[in-house]
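As written, the chains take the letters A, B, C, D, E and F, and residue 1 is the first residue of each chain.
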Amino acid sequence: MDSLVEFLVAAFILLGAAFALIGSIGLARLPDFYLRLHGPTKASTLGVGGMIMASLLFFSWQAQTLQLQEVLIVLFLFITAPVSAHMLAKAAMHRGLARRKDTKGRPWKQ
Amino acid sequence: MIRILPFPLLSLLLWLAWMLLNGFSWGHALLGLLLALLLPLATRPFWPNVPRLRNLPRLLRFLALVHWDIVVANLTVALLILRSPRRLRPAFVELPLALTDDFAITVLMSTISLTPGTVSADVSEDRATLLIHVLDVDDPEALVAEIKQRYERPLKEIFEC
Amino acid sequence: MNLALMVLLPFLGAVLPPLAERLRASRTVLALTAAALPLLALVWLWWPAQRVLSGGIVQFSRPWMPSLGLDLAFRLDGLSLLFAVLVLGIGLLVVVYARYYLSANEKAGRFYAFLLLFMGAMLGLVTSDNLILLVLFWELTSLSSFLLIGFWSHQSAARKGARMSLAVTGMGGLALLAGVLLLGQVAGSYSLGEVLAAGDRIRANALYPLILVLVLLGVFTKSAQFPFHFWLPHAMAAPTPVSAYLHSATMVKAGVFLLARFYPALSGTDLWFYLVTGAGLATLLWGAAVALFQHDLKGLLAYSTISHLGLITMLFGLNSPLAAVAAVFHIINHATFKASLFMAAGIIDHETGTRDMRRINGLWRYMPYTAVLAMVATAAMAGVPLLNGFLSKEMFFAEALEAGAVSPLSWLLPVGATLGGVFSVAYSARFIHDVFFNGEPVNLPKFPPHEPPRYMKVPVEILVALCVAVGVFPGFTVSALLAVAGTATLGGTLPEYTLSIWHGFNLPLLMSFVALAGGVLIYSQRRRLFAAYERLPAMDANLIFEGRVQALVRLAAALSERLRNGSLQSYAAWLLGVVALMLLVYLTPALLTDSGAMLPLDGAAALGGLILIVAALITAFLHRHRMTAIMSVSVVGLVVSLIFVRFSAPDLALTQLSVEVVTMLLLMLAMYFLPVRTRVESGALRVGRDVLLAVVIGGGVGVMAFAMMTSGFDSISPFFLENAKPGGGGTNVVNVILVDFRGFDTFGEITVLGIAGLGIYALLRDLELDSAATDSMGRPWARDAHPLVLVTISRPLLPLALLVSVYIFLRGHNLPGGGFIAGLITSVALLLQYVASGVEWVHRRMPGDYHPLVAVGLLLAGITGLASWMFGYPFLTSTFDHIHWPLVGEFELASAMLFDTGVFFTVVGATLLMLANLGKLSLLDDKRRAG
Amino acid sequence: MDHLIIAPILIPAFAGMLLLLEVRERLWLRRATGLIATLALVPVTLMLFQRAFAGEITVYDLGNWPAPFGIVLVLDRLSALMLLLTSLLAVPALLYASQGDDRIGANFQALFQLQLMGINGAFLTGDLFNLFVFFEVLLIASYGLALHGRGPARVGAGIHYVVLNLIGSALFLIALALIYGTTGTLNMADFAVKVNQLDGQARTLAEVAGLMLWIVFGLKAALFPLYFWLPATYANASAGVAALFAVMTKVGIYAIARVYGLAFGAGELAGLGRNALWVVALVTLVLAALGALSARRLGEQIAYLVVMSVGTLVAGVAWGTPAAFGASLYYLIHSTLVCGGLFLLADLIGRGRGDLGDRIMAGPVPAGRGGLAPLFFIGAVAVVGLPPLSGFFGKVALMQAVPAPLYWALLLSAGLVALVGLSRSGSTLFWRATGEADAPRLDYWRLFAAALLLAAAPAMAVWGGPLLAISDATAGQWADPSQYINAVLNTAGGGG
Amino acid sequence: MLEIALPVGFALIVLALLLNLYRLLRGPTLPDRALALDTMYVNAIALIVLYGIATDSKLYFEAAMLIALIGFVSTVAVAKYMTRGDIIE
Amino acid sequence: MEAMIAIVIAVMVGTGVYLVLRARTFPVILGITLLSYGVNVFVFVSGRLKLDQVAVVGVSDSPTDPLPQALVLTAIVIGFAMTAFLVVLALRGQGELKSDHVDGRRDEEID
């Protein structure tokens, strides 16, 4: 395998994995639900994105043709992930989950 | 034309998806075409209000912008998360909507959620205001302005004008 | 001459009276229809009887169940002839008698039917030439007598008496069955002739004592021998014709008949002597003594019957041929006088309205003719000379003396016999004196009593005449019959005896006089004796028996309810406990230590395993927080699908993932109607038990999994790998197995899914559930039922998901995928529409009844399977072909794809049938709340 | 290619599918479809029966794949007998249910057919995993049928029935995995050959698999301590369903006999778990008799009698000799048909007593007592094993074939206890009448259906000779598994 | 290079999953748990894709795609349950 | 690896058993679910573990055993059908017995 491609693949893998982890760290350590909501829905998105990039590169290189199948994963995830986040935010607001005291503005009543 | 191809954008999307899934061959191109025509027709009843695509180039530019924003903001958010959470300045921000089309509003909300640091928490019943939760914001007004400028306006052009 | 047909006649006759009753025949006609066939049988008996009387045996045999040794075999020898005559003859008299006895509003048709059933059973019993057949008829007599005794079913006494007699005689019958089966095995045949011929072999066999005890249990229960006598008095709740029949000539005689029948095979041992004589003597004394104290006319007769049966039994037990002849003779005599006495008692009951001897007095003045008849019969019973009872009683005394001479209990037998005679005279004296004399009647329900209708007396007259005729002219009347019967009983030559009235002054005669004198003396002391008897603790066998049965029922109920305590937890613990026990016994440590090659464990896998383990444990520990538990179960499912990914099972991963989503929807739908939390209600003990079961079973399965994974094996799988492509036309071997190699499994599997859909639909119909008006925190539900983002996104997802479904479906044969997964994706996409926009919205856009979809799916799969028939191949044989189209290129068409399409539709139909209908529940609830 | 052998599965399967398509409002059409399909099973199974008794074992390679790779259906005498029995039971049961009971809930007719499909499939299949699948088919259909109609009692019993069987299914799968993981096959005949060649760990695992199968089949058969679910489930099911269920426990017994006869009758693992089965069967016999004595409802009492017959039968199977198995088969046929008939009768009696139902307590005269009482008498006599009906001969045959004093004693005592119990309930229901019931008139079609089943009792007595010969011939073939194994594993067949 | 990146990548993602599990266990609220589960699904996608690279196989792609396409339905159902109780109205 | 999988199976089966023995329908449903997960994996591993040897012709050189996979697929489907039925039955119980106790006992009867 071409070392440049291999480097890129490795980099994307590490990038993706790192973002996956960072998102999950956010989920684990941020202090209120609304804040935690940001971790996964973003970092994980790029986490998956990084992996997909790695995969695209890797398989395209292996096959020596463009392999774009994985793009669909990103497409679907980008369509669906905001829905989860939105629905969970609504649920949290409905339940009146506590937000950090210094949060500006206020959630809406459901 | 509308009868056969009620949702050209969707059909295109489906055809592209089919080709992505199967890789290129003439056979699949044909089969994909068939599906791209049939599936929207079959699911026609589920589309009471057809979103109309008015500006394809604008859409492509918009998508590129969003992707770029996602990448950039991801880094920012990563730093925010890894730093002490105490330094975050979270806020619920209300964004008055200029968009009226449900589909366009949804795309805007998705975009907001996908770009780091913001989550669309809710939309008012009258579709006039959006509630956004922000991870770290200094000036909510500025953020609202930026979102309107960066995302809402292009979307209005793409779907509504 | 067909004996089988003769036995059949009463059974056939049983059909006629109910039929006649249906046709509103008069009572006389009814009685005539009942009498017709027995009469025919009796007449029919004439010809074979001639042969028997001249020393022959008439037999009939057809194989019935050869493997059981059961033949439809009948024999008419002396013994059976005697009993056949008694059964039919007295039976006919009883039919005549019953015509007048039963009142107009009683179901005489049914009565006669039962009576004839009983008659047939009795006739079959006495003529059986096969042991199993004999038991068959034996039990039939118990059953038909149950119906007869319970005929007046509105009376509690009748019901209880019937049940008790059935239970006691039924028990004896079962013992007899066991005894007879052993007897047949020992003798090597169930044919009566062969068994009787094998007497020496039987007595020498180690099983002889057991056989004897079992057979005697049958005999003693049936013949009401001590200590099984108690049912008989309670059987007096039956209408008197029944008593006259069952308790004189037939039912109770079945026991002693059996003693006679098996005499050659079983008698002649000490055990026989002690058991049979002992029971007989005890019964003789007990019955005779208690009879005196009965105030009920029929009660007196019942105990007298017990006593006389004891006498007969004792005679059989003496192991003397002459005694056996005496026993047979007394069977005849007892039948005649006791039948007539029961009939007389019935007449008295009929005419006075009571059977209480304390009220019935001085009937001599009101019904002298009946009185004469009854007195003669009673005298016969008491053993007064010139009557038949005297003759057999003399023989009895003589035999008792004879046996006493050789037995260690020299004094006991003659003294006992005399004492029995004493009491017999005493209760006979009471019967005569207390009923026909002893002052004026007291407060009779019917007063004044009259003589009964003319023809009601005819049967009594006939029987009494027989008593006299036999008593005076034994030689002319019974000697021939007795001789053949005796011969048949002994199974050999008859001993020397004379049937004469006068044997000279001898010891038996002395005993007779002692009996007469002692009897009169005792009767004269009756007031004192009655008073003493009254002071004895009351013993009602019925109460005791019912009490015993009740106690048994209570015990059974306690045991049954303890085991079947209605607790699923306990049932499941039993089931799992059995499994745990089995694992503990069978699993060995070697399973863990003798392991072969293993895959190396890497950190990521270990952490993945850890995640699963923690999630599973969270589920178990936090299961009371139901939502948390649901989510941790989902994590387990997710990791399981990752395991499938990791270990080369992408099809499984896809399936697991999509099923997971549907299951989640299902659970969330259900949660709306279920409590959010589970209360704490298991004690520490139960939790401990359950944890133990969980550890043992979980551990055991784990150990087995480890042992299995680390051991080598040869399997049939190479065949699938080799033949998938050439034979099944697909490269995804898992899918080819599913749709081809083992397509029949899949056919069954989608059927299961379809049925589950149907069952769930049926369960949900009309189900009324209360849904929560607020959420678990007491807040009213959110206003936004159909959030904009969800609604808007769900719509493009539908065609996208359908596209993916098509993709997954088409590639399934060659790569991971297939109809099932495709179906689930489609279902989820459609369900998402339900979730996003609601049932009504969706149903305005597509048909909401998914039954046809399930049917179409199953039919498609099924018809694809059938199609192979047209080419001469078995069900589900697949075929495939590669087709080349210009532009499109080469592609494959396989019948398996059609089958897979069926799978697809079934999955979609069934899933939606389940979940959409579950989703609709709340609409009903809303409607209910609204109106 | 002769496809008749698969007809007992496909006829009800297709009938069930058609029933789903048929318009829901047209009741008569659904009834006609169900009844015709069920009636059609009678000649079909009769023909198969005749064929099997000619001595040949017919093997049907599904998908044209040879054993042990593909799934095969195997028609031997045992399976043919069970099929015929099922169709003979199903016709009256469905006839009864079609007099109105099929209307009290949805999808009855379809569920009934699919239940038959499952039962017949279980009898025919020669593949262990396919047996699991058909078990599931018959179970899921039975869940639906058991819960058909409404009422809390039915639902309560249903939950127990379903949960226990779900655990049972999990255990079944574990056993199958062990079987495949050690012998590498799922075909019964192939398994029978290979399991006896195992040693070491694999053998231990195979033993556990075998015992696990006994537990699973024991649960279906309702053996102690796994029968507790049965009385409530059967007693609460609608009558036609309960009648059909009379054969369900026999599916468990069949499975025990089938696997036992093939794999554990001889060879290295001969007699696996046999002693345990024997003991458990006897305990079942006794406890069921006591249960029948103490039952408070007639339906429950009959359900206990079903369990009692299970104990009687499994002891016969565990005894293991061809003679014992032959006797068991005769008894099996008898108890299935008679108990089925009694369930129908109990329902009729219950209907005739109005609100009191089939509770064993003094109450009004059941409407139509003239017809019901004699039938009850016949059924009771038959089921407790008194002459002159089938139960007696079954008992005699079993006693002759199983010369164990304990068995005799328990069999006879249990019979006596059942006799006492049934005489109590009979005299209470028919004799201790307290007036007239406020109940509908006796439905003669229903009575006919019950009579049809109970007619088995005298019929099996009259034709006991040939029937016992048939049972013995079946047992003879069963006792020689090589016939079966050769027939299955020697069939030629190509791919695709 | 890949031989380092792959195990590290696996480790990071599994670690992420563990953190998600921690949040699921910890809660404290139902939305938190649901969010944790949702995140696990997304991380699982990354894991599967990574596994595909590691084994040079595209056979696992569909599994990842399936999660991306329908995995969110579970989360939606839970969220809908929390807000409306009734997920299909 | 085998030991880890064995432990995983043990835990799923064990927790499943524990939950099946609870008194309310809901934990029982969860227990059945866990139990069937464990059993499915057990059936799956009866073909032994193989890494990256998918049973697709031409893709792997020594493909994994495909048969247990097919069996598990069938088992998953059947398990789903059964679970669904049990869930709805639990609802029926809730509706008719007004209790989610597996024996239909009302809360007031328990206290």
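Here is the rule we use: a contact is a pair of C-beta atoms (placed from the backbone, for glycine too) under 8 Å apart; a residue touches a chain by one contact, two chains touch by 3 or more.
On a predicted model such as this, the values are computed, not experimentally measured, just so you know.
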| item | value |
| --- | --- |
| Chains touching both subunit B and subunit C, listed by label | A |
| Geometric centre: closest chain by C-alpha means | D |
| From subunit E, the most remote chain by mean C-alpha position | C |
| Geometric centre distance via CA averages, subunit D-subunit A, whole Å | 57 |
| Centre-to-centre distance between subunit B and subunit A (centres being mean Cα positions), rounded to whole Å | 16 |
| Gap in Å, rounded to a whole number, between the CA centres of subunit F and subunit A | 31 |
| For subunit E paired with subunit F, centre-to-centre distance based on mean C-alpha positions, whole Å | 21 |
| Junction residues of subunit A, two or more chains touched | 23, 25, 37, 39, 45, 67, 69, 72, 75-76, 79-83, 86-87, 90, 94-95, 110 |
| Numbers and ranges of subunit D residues touching at least 2 other chains | 129, 133, 136, 140, 143, 147, 150, 159-160, 163, 167, 174, 177-178, 180-181, 186 |
| Contacts with 2+ other chains: residues of subunit B | 17, 21, 109-110, 120 |
| Touching chain combinations (by label order) | A-B, A-C, A-E, B-C, C-D, C-E, C-F, D-F, E-F |
| Sites on subunit D touched by subunit F in the complex | 129, 133, 136, 140, 143, 147, 150-152, 155-156, 158-160, 162-163, 166-167, 169-170, 173-174, 176-178, 180-181, 186 |
| Residues of subunit C defined as touching subunit A within the complex | 775, 777, 779, 782-784, 787, 789-790, 793, 796-797, 800 |
| Parts of subunit E lying in touch with subunit A, wherever the complex brings them together | 1-2, 4-6, 8-13, 15-17, 19-20, 22-23, 29-32, 34-36, 38-39, 42-43, 45-46, 49-50, 52-53, 56, 58, 61, 64-65, 68-69, 71-72, 75-76, 78-80, 82-83 |
| Contacting residues of subunit A [partner subunit C, same complex] | 76, 79-80, 82-83, 86-87, 90, 94-96, 110 |
| Contact set on subunit E toward subunit F in their complex | 55, 57, 59 |
